[in-house]
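As written, the chains take the letters A, B, C and D, and residue 1 is the first residue of each chain.
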């Protein structure tokens, strides 16, 4: 399965060249992961923090293929490219514009890497491409 | 040679976990490249735009090694890791916290990839590690 | 009439105190005005710029009444509190959290204040509270 | 006395019209207040949070007088326009570009408004214009 969302490109995303300023794409990647957790795993970042858990990003790779402009409505997709014991690499794409890989680590007790909870693992597997 | 700047971690950079939100690091990487151009190449992004030139980022890779906290003062370095005919890959680091590689493409006339101007190439070479 | 939108509070909006960092509210106010133009006036900021028009914000007043937290879903409203010949003051609110007033100026030719186009004025009047 | 800082306008601050996007000014106002606390009161926001204190912004008013462009170096000033028992209104200006008033509330124990600590009050008084 593939998780999808549409993000309209608004004034706040664009730079003086009239295209998306690339750090704003990093925010969109985070938005995709955050909402995938809410919509698919049924677990919000708010719940995660309240439970003393965390999921820091360990590595981010982004290829910027074509510029996006004010008014574009980008169709984004998220899939799990690699699923480790306590980590995952998400492949997050927006059409022919950008392709991002975000590696996260699941952390519990004292903020140490911990195995994915079983309920999460099953759902992450379902989106494992 | 290595280009250096210090960036204090301020309230606006930090997330609810009290550490730098990673898209803010992408802004810091851009800040490093932008100021390297001003300080070393003597050419600002404002001049670049006025001249109809551009320097889009084609690829960004970031390893987040340790979190940074509000009040930290990070010592950043920038070197040229690879210098192509019309591209460059900058290695941008902040101590033991993050290591980023940003690949940019120099563009002129009609926004097509163009060879680096000679004056720029000489200076980029000097920072080629 | 009143224009409404819901904005979920995400990780990117929140500060180390776990509440919305107030400059992010300013972005939300801009988001409300930008989407009101698209949805109600049928005119996007992209079209506005392509036509050499602009609508700078001349004044912004915000009262922050209660903090908003990660995971909140804020119901925002926008109404036209004052409609001038070439300006408008929008009243933009999110429940009991914030109340903002944003005064914009319509600009055409050479970026000088100009009377609202008639089609816009009629629609702005309809949202004049 | 007046507190001063220079802020260079960089790529990340500017919108597709090539001028500072106004929510970025709100970040600059926060930057001014945050650094005034560090430089004048000798107290960082990090220390404030560690001590369970806080200083939320209750009201922000900004007049945007003239646009600022990429490459501008803005000279900012901060003065205390009004000093209350547990609140203060800062007047924060950047040349002929913007004039902002930010009202903050000092909070301690259980995050309730509390009188300014004496040492702070004396320093705030010194910047009371």
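Everything that follows uses one rule, which is that a residue touches a chain if its C-beta (ideal position, glycine included) is under 8 Å from a C-beta of that chain, and two chains touch if they have at least 3 such contacts.
None of these values were measured; they are calculated from a predicted model.
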| What's the call on chain A versus chain D, same or different interface residues, using the half cut on shared numbers? | same
| query | Taking each chain's centre as the mean of its Cα atoms, which chain lies farthest from chain B? | reply | C
| note | Separation of the C-alpha centres, chain C versus chain D, in whole Å, is 23
| note | chain A to chain D, mean C-alpha position gap in Å, rounds to 33
| Centre to centre, by mean C-alpha position, how many angstrom separate chain B and chain D? | 28
| remark: Residue numbers in chain B touching two or more further chains are 11-12, 16-18, 21, 23, 27, 30, 49, 70
| said: Could you list, by residue number, the parts of chain B that touch chain D in their complex? | reply: 10-12, 18, 27, 30-31, 34, 44-47, 49, 69-71
| remark: Listed in rising order, the residues of chain B that touch chain A in the complex are 16-17, 19, 21-24, 26-27, 30, 49, 54, 56-64, 67
| Once bound in the complex, which stretches of chain B touch chain C? | 11-12, 14-18, 21, 23, 70
